[in-house]
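Next come two complexes, and both contain chain A; in the first it sits with chain B, in the second with chain C.
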Partner chain A sequence: MPDVHSLVNEFILKLKKRKVEGSQATARLAAVLLRSVISQQRIGYTNQAGALIDAVKAVGEQLVAANPVEIAVGNIVRRVLHIIRDEDLSLTTAAMAGLNLSAVSDDDDDDTSPDDHPVLSAAAVAAAARSTLRPPSLQSLLEDMPDSAAVPHTSSSGGDSEGKSKSADKNSRSRKLKHDVIEAVNELIQDIDTCHEQIAEQAVEHIHHNEVILTLGSSRTVLQFLCAAREKKRSFRVFVAEGAPRYQGHLLAKELVARGLQTTLITDSAIFAMISRVNMVIVGAHAVMANGGVIAPVGLNMVALAAQRHAVPFVVLAGSHKLCPLYPHNPEVLLNELRSPSELLDFGEFSDCMDFGSGLGSPLLHVVNPAFDYVPPKLVSLFITDTGGHNPSYMYRLIADYYSADDLVLQRKAAPST
Partner chain B sequence: MGAQKKSSAAAAARISDDPEELSRVPLQAVLLADSFTTKFRPITLERPKVLLPLANVPMIEYALTWLESAGVEEVFVFCCAHAKQVTNYLQCSQWLSQPNFSVATIESHNSVSAGDALRLIYERNVIHGDFILISGDTLSNMSLNRALQEHKERKKKDSNAVMTMVIKRSKLSPVTQQSRLGTDELFMAIDPDTKQLLYYEENTNHLKGTLSLDKMLLIDNPSITLHNDMQDCFIDICSPEVLSLFTDNFDYQHLRRHFVKGLLVDDIMGYKIYTHEIHSSYAARVDNYRSYDTISKDIIQRWTYPLVPDVLLFGNSATKLEREGIYRATEIVQSRSAQIGPLTVIGNGTRIGNNTKITNSVIGKGCSIGSNVLIEGSYIWDNVTVEDGCQLKHSIVCDGVVIKSGSVLSPGVVLSFKVVVGQNFTVPAYSKVSLLPQPTKQDSDEELEYADNNSDIETSPIAGAHDNLNGELTSDLTDMQSSAAEELGSGGAGYIWSICEGASEEEWRHSVAPVPAEKLAEISQTIDDDLDFSYQDGNAPASSGELKPGGLSDSDDDDVDANNDSAYFEKEVEATFLRAVHENVKVDHVILEVNSLKLSYNMEFAACAGAIFYSMMKLALGTPYNSSAELYNAVVNVLTSWKRLLKSYLSGKDEEIEIILKFEEMCSELAKELSPLFTKILCFLYDKDMISEDAILDWESEKNYADESDRVFVKQAEKFLQWLREASEEEEEED
Partner chain C sequence: MEPRRNLRTVIDPKVRKVGFFAPPDRSQSGLADPISAASAVQASSSSPSGNTLSPVMIPPPRHHSDSLVHPQPSSRPVLHSAIPSSYTAASEFSPTAASSYTSGSRFPVDVEDGPFSPSRLAKGTSVKVLASSVPNVSLVTKPSNMAASDRSGRMKMNEMVAPGVEVQNELHGNTKLSKDKLSKAERRALQESQRAAKAAARVEASKGSAGTFGTAPAKAAKAASRKSDNASVAASEKKVGDRPVEKERKKDVPQPRMQYDDTSRVEKAKRRAVVKQTEARNRVELFRHLPQYEHGSQLPDLVAKFFQLEPMHPAVYKVGLHYLSGDISGGNARCIAMLQAFQEVIKDYSTPPEKTLSRDLTAKISSYVSFFTECRPLSVSMGNAIRFLKSRIAKLPLTMSESEAKTILQSDIDHFINEKIVVADKVIVSHAVTKIRDGDVLLTYVTSSAVEMILQHAYELGKQFRVVVVDSRPKLEGQFLLRRLVAKGISCTYIHINAVSYIMHEVTRVFLGASAVLSNGTIYSRVGTACVAMVAHAFQVPVLVCCEAYKFHERVQLDSICSNELGDPDAIASVPCREELSFPDGGTKSENLQFLNLIYDVMPSDYVSMIITDYGMVPPTSVPVIVREYRREHLWI
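On to the complex of A and B.
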């Protein structure tokens, strides 16, 4: 048991000190961590799902607060919460089916075996239908309003009929719930691991012969995407904008050349000059918001504008862990990271033009180094996720598949309680 | 950081692959939680410097966070002054319970210097390999991998490479001749190829524009680069030998002034120090109030990323970065009419009243700031109360201070803990106020004898502070202490410290306040004047790079160290010589011994000749005599019997002039009885071919511009000189 606590602390420290960065790495670590939180969480006989949700939420809150810029961490926390709710709901539905059945069988003459062909009562069917209906209806939202921690999640959809006989299968149910949840989280981790390949599989559909592709900076997803197309014997050219101030485009260009791709390295400022020769822009993202807007490495908004000006398709590759269920108009969400100015400028150089305590106290020179840009949805032509290509306007539907509405406000609920 | 992490992982892999490193010791660090200086007084009387907040986070947090992220696994925190506070702090923090990062404290109550601290650490026998030596007030985000690797590789090739010093470029202000951090000009000579440090000199005299280099430095090295635009980051990568070196030499106290310089001068053991220059990463040490100000601003401008307020979460309060560099903690009560300017940090739970203006400042946790307050460039720590209508400019205000309504803090003021400033009181500029009275003797455990510094501080009259004292002294309180408590206006509490431990007129150099414009104008004026002066100075014949002991006095009374050295050297030579006389040692052996002394003291031949001549004269003076004739005979005797010894050091004109100067000095100061014999002995030396005629004539011409008093002996020898001149003219005519 002590492990979980120290594991959580360790990961929080890593996040705080910016030792783990990049959405895939953080997402994966967060998922692994939450899995161990779930597996070590002791759950009582009642309200197992609630206990799990509370535990995950408590940890999740800390993780999000440790580095709010890593949106993927919050996404994973929400995904895991959603998984718990989902599994719980399906178990409840199944159990309730049995329960109703037995109730029915008590009243009436029974002719069907409950194990083989459960006959669902109207209420259970409705509950199941509600849970599968996405996005959640207003009614289910209202029903869920009483805090899920206090009232068992199941009771809201279950009705009065469940009662005495429930304790019998509780033990097995709790084990089953935990087991199912861990299974599902494992799947999630696997999804994160393989998202690059899954995205890359679609490369052939998008990259055609003799095309010119432009990208900026470096992204693992983009690299694999391009390489996958190359492996399928597509011949095309890639323009790589270097991506100041970190110049990761240089690394990407090297990698591409090493894999036999015709590559041209250009400066960021040459993007407008080159864009007219480009057939498609393919870039990675830091996060995709619910409205289809993209938080992406700095400089991409410029690329998107250039692409729009010349009617070049602007394609964003994003693993499903990058899908954030929040909207960017929320200042809590639209975060930017201001990195060290020394990436732009040597400190020694800079100190030369500092005033030596003689000026007004505020230096005349400021160096600002934001890490991200926000690209509005109207500039994005297509998102390619591990499930396929999507329109920006479709993002909210996709997000509703992955997250449950109860968890969207993870952060805001957390704020007053601390 | 991601890249850094990768490279550290790579480095770890590399190390484990290395068969020699199989018995790998964890990377250790020694963090000195004591600066062994008094620059932060009076604050440090109550709290150790490492716990002082820098942008609302104690300095030690920065140091430990950096060490942790740089891959150090074991840190020994050496606490000395206020050791209890430091250990308590560490116990309450999360540092003691970190996985893969152990922090252990070593307490000591009788260490007065870094040297003592390192000796104690050596005794404890806890350091097993290379270690990082930093002081707790150092702030950095550099990656140590490169430097460590370089250090290890050098060590493998040359076991004498014991230390790697981290340096960074930083230009000096052209006017005040100090760096941004308020530190003095630093001269370094570095071998451009090997990066070996050859020379290290802190220039404490701001108007001095000269620098003396040993000739050997230029002879021994094919090329050197001289820097005065480098800043010492006070981050050292040391081999374990460093600790034993400290143990072997009990006079190593100060890390730089004694240890580094000692190693550089000492060419017998041949230990070498190397430098590692960092370019884009940040490293600096909070040395004085000026650097406190500068480094705080660097943090706010994110040069120290990721050690910035919104990332380095300390406590539970999350801080958010808003536009224009305003860092705001979560629970702040701020009036709508209050204006918060750019580059400001505001701590958790602080309340800010109407129409208050705050710019370029750091405000701590739980402060309450009234209405119509103006705060500019100030550092306000936790739980401070500032009542309505106050004005704070460029000052440091410690925890729990109360500033009553209408008060004004002039630039450069430091208010220590819990001081109360009375109503409508103006605290004079650069004054330091504390609840504790100023210690009369500097004997606290934070003290290090600043011998070199104090020697050039004239005991100046207590400046400004006392004269400006408000006259509201209540008459019924008679004793000094309680009257002092009223120094801060009615209802005030605290003593205004008189400025006497530093040079008072230098106060502005190290203050938080920017250098006032008048001061700048004044200095640039003196620099202009000085330029002319230094031209003259440059024309004076400097026969050798090294300072001549007791010689040209105008150039070397700045350098106490060199003088001390030469005095010791003279003594040693004298002792050697006397021993030789009494034990009948062969001349060759004496020469050998003197040569080795010369090497160990890093002296010139001229100095040897001077010292030998001096000891000869002392010997002659030591023999009993009744008249000056007898004394002359004794001198002649000694000179003739040891002529070969003296002769072997008289290789050129410089040495001969040195002897004459030495002789002159002796005659005028030490042994007045010799003075009548000056010409005679000079004559004798000339006859015996020990001193050439050129040397004597040069000596005379050198004295041409000297004072009348300096020319006494020239006058005495006038006839002899006349004769010499005529003789040389005759020779020329004959030619």
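On to the complex of A and C.
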């Protein structure tokens, strides 16, 4: 336990100090951390799932509070919670299939989530399964997903349906649950690692010869996407806007040139001038909200507006860990972060012309350096995730596959307890 | 704009009739029903077989061209006694484009002005209308040539040429009868006269443009006579009047700009060039047509040559080098520097023997202008100023003594600077200040001298407002503005252009400067202005563009690619204080990597709420009107 505790604190500190940034890095670290939390969590015979959920929630809450702008962390916490519920449910159904009604009684005193599958019969389980927003039509979609919980169905059913003694059954179930959850989290981590490749595989479907593609700033997903198209012998040109004040576009341009792509580096101000000659805008995202809006690096709203003006498709690449089940409210302010003004102006550069003597109250000069932009869903033409291309209007449904409705709000449970 | 409103009330609303129906009886379709009259003429002229039933009868769109109804300069007395002469198209025109040329003289035929009085030209897109004034004497020879006019043309005439209406009404019936009976020769004569009318229509446009009248008449006359070997009456008479017309027409069409992908012309230009520019190595394919040179390499060389350059005036040379190094930038500053250099030139000028002042000085100025162009492509403001100066030189009477002419020209230049720039800015400031209220948050992009004056003046008036200065790479000119505003005590917020959608929520007005305003209403300005205006438009924040009227230009442009200026690509490659981003070898090693440093972009007119200019606050649609109506004053003052 203390071991996990220090790990958690270390990660929280990193998040707070912005030592780790970027949705992929934070998502991966969060998943690894939660895996160790789960593996070290001691669980009793009753209500193992509830205990796990409690532990993960407690840690997740701290992580989200450490840097709420890193939306991916919250996403991963929710994903892990969903995995636990899912595994629990599948184990229960397996047990139910083996006829014993007594096994389920322990789920009734589940205090963390009172509406958590009050299982009494096979019919009730089926109803509960329906309530988690997983109609059979999307089952096929999920079976492609490595992280989904569809695997343990067959393996568990054989052993449990034998009708062993109650305690032995419980013991094996608890170990089984933990094991399955950790397996699934491992798959989630692997998923985060490989999402670039899965997105890049679709590149040839979207990029063809002699296209002119515009992007802003830098994103690993975009880089791999473009390179994948390049490797398939597509020749096209890329305009890279530099993405002031972080100038990540310079890095992307360097990478692209190293891989032999025709690259032109432009200033951010030239976007409107150049977009009339661009066939497609391909950008990365920081997070995708449930309404299809995108939290993106600063400047992309401008690009999206220019693309809309010239009817240029605006394509957003996002790994599934970036899909957030929340609906944004005032995202420009609430889901944003103001970075250091020193990126724009040197400290002290304007000290000579500012009269600090008379200063009563607010200073004359403000420097605003936001990190993110919000791109509303109407400006986005297409999302390309690791499960394929989707419309902005479909995002809420896609997101429902990854999260269970009980976990959408991580904080609410904590508020009364603290 | 009063006449426009009057006009609207006069015109009865037109009902759009679609479908099969018989046109009203032709005998009744006098002036009262111009739709059917026009279409009837159309039908009869287009289909000689006599099928006058047009299946779909849609009246030509109402002519919204402001130029037709713009108030005339009050100094010009309008006589309504002129005879309107109109020409219908011959049958070879396609029925949809069966254009009728209406010409109504709106100005008295001015004897000093040459045989052609200034006229107005208006072109509709669907129906071509040339409303022009044509010399009554030379062209209106045969009444049989006269024909029914277009509806919109007549609309105007109802207003303008009241007595002429009767004449036309008579002619109307006349033509319709003779229409089908036109012989071939007559038809040819008709075309000739149409051509003349068209040419006459263009006179007005080029009236004020720089040029010497009556030079090289032989060519024009030859061309005219070649065309009219049919020896019709109209053609022979045209010869007299056609000379200035042909020439003027050539002048009128804006000179196509130098395209730098045309290698032969580039070679030619290079031989003449003083500044030995070297081509940048890694050029962007899309911008081959623009000059892209290495920056900074030639400056020391030119400085060294300062005392050797015999033909170049030192003042001009100095200003040129300032352009090259970027010390002088901004439309107004560049224009004033150039004009002051020309003042020096004129002061030191003496006419060489056996030459006339006007010719020689114009040539000299032209050579200086090409030097300036080599240093940095001319801005529209400079182009207009040069046009002004050349026209002033051309207008000097030959009898005037040299010293007198020189003082006149110098005072003219002073006058231009004062009137068109200094006073114009004051007027703009006084207009714009009325749009600033207490509690406003004003956004501006990089630097504009006019906007800066507005902000400072508003602050001096004690208005309570906040300024958001938006800046962009690579020049970061906004910092200069920010420094000056903060020093004044104005509360400022500084952002990069990427963050503009973040800040736009709190902004109440956007003030932008412009390098030029083109006649389709687009704003040609510092790159990024269009982005800012677009975001403001998306957030429903009014965009006010402040621009002196001498920067208006009749050119049109739809995108930022066709005409632009390329800056130093190395400025993009390196970010100060961010060494880890810099490219090895400045990024020139790889064939695949290019840097594009655009200087200007083009903002579509629908982003603009209002253009504040020295003639008042106008919508962008009024720009062509101002260009038309006031250009004469621009050039003649």
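As a working rule, the second predicted complex is superposed on the first by the 338 of 418 C-alpha atoms of A that agree within 3 Å, B and C clash if a C-alpha of one lies under 4 Å from a C-alpha of the other, contacts with A are read in each partner's own complex, and residues count from 1 in each chain.
Definition applied: a residue touches a chain if its C-beta (ideal position, glycine included) is under 8 Å from a C-beta of that chain, and two chains touch if they have at least 3 such contacts.
Since this is a predicted model, take the numbers as computed values, not measurements.
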item	value
Clash-or-fit label for the pair chain B, chain C on chain A	fit
Which superposed partner A:19 touches (first chain B, second chain C, both, neither)	first
Chain B versus chain C as contact partner of A:38, first or second or both or neither	neither
Touching partner for A:63 - first (chain B), second (chain C), both, neither	neither
Which superposed partner A:254 touches (first chain B, second chain C, both, neither)	second
Touched partner set for A:262, first chain B, second chain C, both or neither	second
Chain B versus chain C as contact partner of A:272, first or second or both or neither	second
Superposition-derived comparison: chain B or chain C, residues of chain A touched	C
Which superposed partner A:71 touches (first chain B, second chain C, both, neither)	neither
Touched partner set for A:370, first chain B, second chain C, both or neither	second
Distance in angstrom between the closest Cα atoms of chain C and chain B, superposition on A	8
Residues of chain A that lie at the interface with chain B and also at the interface with chain C	346, 349-350, 354-355, 362, 366-367, 369
Touch list for chain A against partner chain B, complex	6, 9-10, 13, 16-22, 65-67, 338-343, 346-352, 354-363, 366-367, 369, 415, 418
Partner chain C, residues of chain A touching it in the complex	239, 242-245, 247, 250-251, 253-254, 256-257, 260-274, 276-277, 298-299, 301-302, 305-306, 309, 332, 336, 344-346, 349-350, 353-355, 362, 364-370, 373
Chain A partner contacts - residues on chain C that touch it in the complex	284, 286, 471-474, 479, 482-483, 486-487, 489-503, 505, 527-528, 530-531, 534-535, 538, 559-561, 564, 572-573, 575, 577-578, 581-583, 587, 590, 592-598, 600-603
Residue ranges of chain B in contact with chain A within the complex	1-2, 5, 65, 68-69, 94, 98-99, 141, 168-171, 173, 175-176, 178, 180, 182, 279-282, 290, 293-294, 297, 301-306, 311-313, 316, 318, 321, 325, 330, 342-343, 359-360, 376-377, 394, 513-515, 517, 520
